């Protein structure tokens, strides 16, 4: 067996980090929202994902300006879109911590998920 | 054109009521939840659906006992299931009010959506 | 008890119709899709909703032009949005049939759900 | 900067793998399904996730026995649950391939996502 074949804590930390972002995105986008209700939606997303395995820390922020520009004039609400989300998650898997994020990438015109930092759970 | 073909406020009130329950159910079931986070999830569901057209009033209650019995021993959370939900919605469409609900029906073993009351928006 | 308080087959037909559209919308919007996969997504949505109570007939059509214009240049796919959907559902509740639809309303800039026709299940 | 801080292709492969499984799970669980429609749902899930970035290969299999045991006697369908899913995904991120899976773990009573193999994209 080659070295590359061993699955490490680091591998699992990144894998778990991806799961949380994919889950969050596809569970909550589409939710009806407006400026009056955005706070409770942020809170619920944050708390919901925080109960999942290996999630150490999570902050969820929804772009108020994007909501304002998307709210339907007739009906007074819009749907939560991926590009409105700014999410930061820290995963701790045994010896390894991983910071990952979801944020709208203007250049790619895409809600981009990426790895920000990987480090030992001893340093932090 | 026969009388039956005319679409009434009452028809629309019931149609809108169904939309809200179907939307809520399929948007939010599957959300990770435990006893510490259930309150924020209830609040978010309630506020999210309240912004939709013709929704006058809504209360969402998630069954704590069902959560307790479903929480995974290893991981400390479960997913929101339809049968954990007790939802009451009042729709107001012009002259008509409709009270509808979603609640677990033990006999049918089914999260049942039903019409509870239809009445004039003048009486209420 | 006044006449208005009695819940009729017609009420239930419209209520059930609303449930199906709300369910479909919030279950499937957000699904990754492109022109190569749109057919299987249409089929799955159609068949999935067809198993629900009182659904007699359903057709689901996803707007290819909308997909083409939304597909991300870098990644080659987009998400299913409500405004890409054209859905026709016929509900049969005992004596009553109801035809309802979901289609993008250009003027309202909104994926509009509406009642198209209500009629006796004997005439059809 | 320490070695551990550099983000590698391997990190990204695992991160992307997790995203796909989390997304798939929370997008499609809850879908109404029975034995007649299970095939089209499998196909749609498979094709939908296949369009996402870095997804090289994916197979989705839904447990027919689990559906049979869960189908509601009165209504003839059930909802897709995570524990009904057996999913295998191969991610290719530049030089690295990762095989991951979602399958019901009987002992944990949990739909477990895990890393099966990580290897160079040259060997395969």
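As written, the chains take the letters A, B, C and D, and residue 1 is the first residue of each chain.
Basically, contacts are C-beta pairs under 8 Å (C-beta built on N, C-alpha and C of every residue); 3 or more make two chains touch, one makes a residue touch a chain.
Source: prediction; values computed, not measured.
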The pair out of A-C and B-C sharing more C-beta contacts is B-C
Which of these, A-B, B-D or A-D, makes the same contacts as C-D in over half of the contact pairs? A-B
Report, in whole Å, the distance between the mean C-alpha point of subunit B and the mean C-alpha point of subunit C. 19
Nearest whole angstrom, what separates the Cα centre of subunit A from the Cα centre of subunit C? 30
So which bits of subunit A are touching at least two other chains? 23, 25-27, 30, 75
Show me the residue ranges of subunit A that touch subunit B in the complex, using the header's touch definition. 23, 27-28, 30-34, 36-37, 40-41, 43-45, 47-53, 75-77
Over in the complex, which subunit C residues touch subunit A? Could you list them? 25-26, 29-30, 72-75, 79, 82, 108-110
Quick one: in the complex, what on subunit C touches subunit B? 4-5, 7, 10-12, 14-27, 100, 113, 115, 117-120
